[in-house]
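Okay, so subunit A shows up in both of these, paired with subunit B first and subunit C after.
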Partner chain A sequence: MANGCPDSMKNVLNLFFEPQGVAVVGSLREGYFGGYVVIKTMLNAGFTGKIYPVNPSYQEIHGLKVFPSIQQIPDRIDLALIMINRRTVPTVMRECVAKEIKAVIVVADGFAERDEEGAELQKEIVKIGREAGIRILGPNTAGVVNSANGFIPDPYEPGYKKVKPGAVAICAQTGMINPQAFPYADLHYGVSKICDYGNKCDVDECDLLEYLEGDSATKVITMYLEGIQDGQRFLNISKRVTPKKPVLILKSGRTKEGAKVSASHTGALAGDDQIFSAACKQSGILRIETFRQFFELPKIFSLQPLPKGNRLGIVTFTGGVGVLAIDEGTQYGLTVAKLSPEIGNRLDNIFPGLGKTVVDIGPPMAVNNYMTIYSEILQTVMLDQNIDCLFNVIWTSPFEAFVDEYLKLYSSLQRDDQKTIATWVYGPSLPLIRKLSNGLEDLGFPVFSDLETAIQALGMAYQYSTWKKGEK
Partner chain B sequence: MMGKLSIYDQVKKEGRFILTEFESKKILKQAGIPVVETKLAKSQQEAIAISQKIGFPVALKIVSPDVIHKTDSGGVRLSLQSVAEVKKAYDEILRKVKKEYPKALIHGVSIQKMLPIGTEVIIGVSKDPQFGPVIMFGLGGIFVELLKDVSFRVIPVERNDAREMIKEIKGFPLLEGYRGKSPSDISSLVNLILKLSRFIEGNPQIKELELNPILAYPKRVVAVDARIILEEDQEKTKS
Partner chain C sequence: MANGCPDSMKNVLNLFFEPQGVAVVGSLREGYFGGYVVIKTMLNAGFTGKIYPVNPSYQEIHGLKVFPSIQQIPDRIDLALIMINRRTVPTVMRECVAKEIKAVIVVADGFAERDEEGAELQKEIVKIGREAGIRILGPNTAGVVNSANGFIPDPYEPGYKKVKPGAVAICAQTGMINPQAFPYADLHYGVSKICDYGNKCDVDECDLLEYLEGDSATKVITMYLEGIQDGQRFLNISKRVTPKKPVLILKSGRTKEGAKVSASHTGALAGDDQIFSAACKQSGILRIETFRQFFELPKIFSLQPLPKGNRLGIVTFTGGVGVLAIDEGTQYGLTVAKLSPEIGNRLDNIFPGLGKTVVDIGPPMAVNNYMTIYSEILQTVMLDQNIDCLFNVIWTSPFEAFVDEYLKLYSSLQRDDQKTIATWVYGPSLPLIRKLSNGLEDLGFPVFSDLETAIQALGMAYQYSTWKKGEK
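Moving on, here comes the complex of A and B:
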């Protein structure tokens, strides 16, 4: 929608995430894809709205009454989920018009992304939607997720029931973010909303940013973009959203392929990537570069307070990790925190030589009551007023008892909102690494899959906090 | 305002989309952008009179919509010190250009004052298919051509954006006064970027614009050469 988004439209976008009545139009044959799966997934997730399967060949599915057509549903329908052959989609869209449905997710594929015919069909459904005031998500989409009400109309079998409620909103022009593609449950990854907007024939990145701006469950937005429909609108909305919530964007098309033939230096040098970077700088968008950052960096914003400054404290088992962390942190404007003399002395009293800039706990590890000493060290470091953000490296050990001790220690840190903490967990056992990482994230401490990503998270949080201060 | 309209209208009437340097500067001057004083001479006598009035040394340049590469065709003469030199240069420019472009429509020869050496800066505007008009900043010469050391912002820019885009280029220390060179007037560059941003906002018919070079001095900045290219596609001229 190029002409801005009136308030009534925002309410309509609400229907995509909080529908009271949902019509599922599509195959109800048991399998790995389709209406059968969508309904099962929503029931498993405890969806609080009403589900109306639509199919002329069935009477009942998953204990729900099946209606032969949309028109024959007696109740009000907020949202229709269409997952049928592309050629039938316009017909069903017209039925939605008659039923006064205002939101439609077209899961079906084979539209503009496939061929001429698909492009024509897409134009047709957009036309039907515009004329009737129906908002369309898709086509060619794996749909949305709302963790709060169990609305997970996933056309694919996820294999797990619930997505953990959290504060990260994830949007992408790809199905790679849907619950079937990413192990949200196994990672204890907390999500507010997920939205795959597919071919974005109608609802686009701008509409989603506006919707998420007002979504109280969302604290941070992470988005994968291939192209932007309306650059000026995108810029204006971003400028409004970023002071309230950090927006992280991964954008493809970073090569210089698009360099144009031009009569001036300006035209010749203005590659798509430079311009998008400029737009990010002007609007406070945090530009990210990898799929790993896309999923991991938002956690620092959803779980931790913003850093009050750029002084980075490091607790590590090896000096090498400390040096690498400093190298990475420098790129984001972080500097190594100098421990205050008092904290330095206290650490030296716990173990000789410990009170250094990078707190290297390798040597005390050999001590018998290691876990007691470790708790004391971390709690002491946390008291240092010279540290704004803390990079903590944890070694799980091969023993489960250690993992439980670490979790106990971190729960004691929960009251401290003076420092931003990023943790990296390593050790000899993958199940123990997972157990500790999941436990820490449940406590509100983000864990990152390697040291660079952990530091990038702190760096990005620092950059966002300075940008936000400058905005005020 | 009337003058501004009439240049665009005149250009359109002639079926052109590229403005001459003289036309471009006139429009920019009206928009409050600092450009070097440039006068149009239609005869040798006029060229001499203007040169005497603005004071030597002066530069002479061919003014013709058909001559895009002024220097290559012998249409530019710099650092002319006297009436005799201007007289000779005027003849030579016309002779060479007529030989190179026999059918060229010639508006005359422009005369401008030669300015002292300053730090060369380039500021340009082009249109991005997704974001619309964007503005570019860089240092002139090899910095832009070879090293591509430039920064961009999407129009409209705010004061903070303008300041940041200047600081963003790698060559920024040169503007601050590198190795005893006097520092350039950065706040005037910021103002120039802001004025240009507003000017472009009000003139969607402009497709590309380039001020190259702009000479930056300790207390002022001034554009020495300018080029404006208009949209051919009328659809794109709506703001």
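Moving on, here comes the complex of A and C:
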């Protein structure tokens, strides 16, 4: 296990993300939760494997034959998804043993997180799994997503069909990250894998980290954790993974009060927060602080090159935003880029006083042909070798035609792996902000929902690149 | 000036927000900037005063008679809006003197913020204003908004018609707060007044604060500042205002690098940040940190009662969110509310294990009639006298019918001034999140864009209420 990802681990967890045959055990009643939804969602997403609904009361659902029990499925099953009353789960687990299924997602809840009886039931299914060599994800999980093959066994109705493939892997101890809870489609948010490990009775953050280490679709890993099962193992794996891929962790239970409540609802100890922070530093983990950062910061890694240095350039429509950006950047070790004299002069020739530290588009845009000037300014700034990180602010205007012109301009920009660019889009219309943001991200320019988050993304990318250099 | 708002000040600044006759001096060419836009926007917003376009090259615009010069307007003019080349501004200012106009908004830029010549021009217009008793807003400003009378002389096209009346006053040294830059309409964001004071050559944050102190439409004041003209005066006014209305301030130039750049683009010294923080504490000013907080936190004050105490109750769809909320709340002095035994029992009777510190709707919603259960849980929690601040998380579901049912439920809820409620809405569809958020805010329940901001709003409200009690 010293170098590279252990093949054995990769193969086993593969069953959770690339199953060829999936048994869906549970209610098939039409509704917004359960087997009916899971099967509909996978069919909508174009899942490439085979689906075997299991329920004694149905013959057919969504055009698929329903089997009365797991044993009666004639083909090999890689994964069973169990969505039934907690008390029946052990029985179904035993059927999985008989069918030689090696991976099970227990969506059902009411286990260790609820009461004593649930804790006992959880122990029982773990025992059955261990003895038969079955890996269990959950219980109390909203499951996984693999964007590449349409495997989206979401037990809740997400209301949309596809999750856009991308390079961000998202793992958490909560279904808040699954398609029913986050508008991946509306945001054009690209992911590789999603995993809610729920109660972590077997498969845990360590297993996931090892699996994602070897997952070629994943370029950046982001995790929400309440507690860590095996701190030493987690750090050992992290040390191996972080030089290859950034690992961002949001850990709750930072405060004593939070940790206490966390312990009561997961049944796990949250551990000392300062020790965790120190361990993160030591192993190259990027610790993040908010749920917004959890979704937004990974995009800088998935869509942009790492910064060559810490010199922050700013293109904005008002000086005030530049000052706020510098305030924020300083906290992450970024410094204000001084424009090279040549670029400064060229900007001053476009508009008097433009060639300053903060390139302020506001004044020239009011008095000239806006898009021409904008394009000229942007392309000039892009040439400056003194800028490592560029904070790029774009005002949509209230006109859709302008948004289309922006997208035309950005699609024609030469790929520049000398700069890390974080963009903030603002304006008077939410639909136009969304259209421009989605369009830019589709072109590889990550857009952040506010100026501080954009700067934090650049700062985090700079910190990671510094750490990575130190590791080599 | 010791007690109450000085009437003289209120009357003068009144001209900037409630002018009966407005001269609009500048280009009337069709486009997205200038007099053409200003007049169109005011007409769209139903401005109740009279508009007098001034331009020698036009006879009529938007159905209004155009005057060749200010002198030739036959009626009284309360306010002139000047949007012309900087070098012509002094001439027009002298015409304002002759016409006995007492308030001028200089939208034109290129003054002290640009170069030496601009600085001289700025001195010149200040001199003209002082001698004639004309108050000047700007230069380099996107002007003001008064939502009550449709006075929205925005020099840039906002693309929408109305700014919803509300109780939040927003002031800044940048046009980033004006309707062309922020989607007030799409967000149903209610404001009383907006003011971009630009270069602050005359009217400054002190004047605005005094004016807003006496403005009955304004219940909460939020300001973005890069520097303060007269620190002592600002603190004196603040001390008088903050016991009546919360004042939230976002001040940039927090760091040395930021302060340096700020000084270079405003020509003003930013001052020592720690001194400013200390002064805020002393005078009851609520200091905020991010542009997101700038727009979001005031809503808790404009729409909800102040907290009676610091006991934080949580209704959520997943325990993890509860833990993150507690972590955040602790930093603002909030503590976890312990449900009263009676309410705890009633919740446990709705669903086993529900009556915990963090009321987790997740498990019951998957197995029952969702909206009935939801309504029952919410209304039970609302009865708990042990909760002062309620963090209310709502999952939209992917179904519009659910959103409509939520809105029906919330519109029937009894007004409760015993609890301060901050809501976070999440789900798989941006349009549904928006619909529910807007609907709830229209009903008086402020919705925040992420969980941390919602908790910060509660925390800030608690801190303000504590400070206010101490003042009495």
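The rule is simple: the second predicted complex is superposed on the first by the 446 of 472 C-alpha atoms of A that agree within 3 Å, B and C clash if a C-alpha of one lies under 4 Å from a C-alpha of the other, contacts with A are read in each partner's own complex, and residues count from 1 in each chain.
Definition applied: a contact is a pair of C-beta atoms (placed from the backbone, for glycine too) under 8 Å apart; a residue touches a chain by one contact, two chains touch by 3 or more.
These numbers come from a predicted model, not from an experiment.
Residue contacts after overlaying the shared chain place A:Q282 against subunit B, while subunit C stays out of touching range.
Of the two partner chains placed by the overlay, neither subunit B nor subunit C lies in contact with A:E30.
Legend: residue contacts after superposition of the two complexes on their common chain; A:G231 is shown touching subunit B, with no touch to subunit C.
Contacts of A:D416 after superposition: neither subunit B nor subunit C is touched. Using the contact criterion defined above for the overlaid structures, shared-chain residue A:A172 touches subunit C, although it does not reach subunit B. By the document's definition of touching, of the two partners only subunit B reaches A:Q274; subunit C does not.
In the superposition on chain A, contact of A:E100 is made with neither subunit B nor subunit C. Put simply, more of the residues of subunit A are touched by C, taking subunit B and subunit C as the two choices.
Shared contact residues on subunit A (touching subunit B in one structure, subunit C in the other): 262, 264-266.
Residues 227-228, 231-232, 235, 262-267, 269-270, 272, 274-279, 281-282, 470 of subunit A touch subunit B in their complex. By the touch rule above, subunit B contacts subunit A in their complex via residues 18, 122, 124-126, 128, 130-132, 134, 136, 138, 144-145, 148, 150-154, 157-158, 160-161, 164-165, 208-210, 212, 227, 229.
Partner subunit A is touched in their complex by these residues of subunit C: 32-33, 109-110, 113-115, 155-160, 172-176, 179-187, 224, 226, 250, 252-258, 261-262, 264-266, 290-292, 317-324, 326-327, 330-331, 335-336, 352-353, 356-358, 360, 362-363, 366-367, 370, 395, 397-399, 426-431, 433-434, 449-452.
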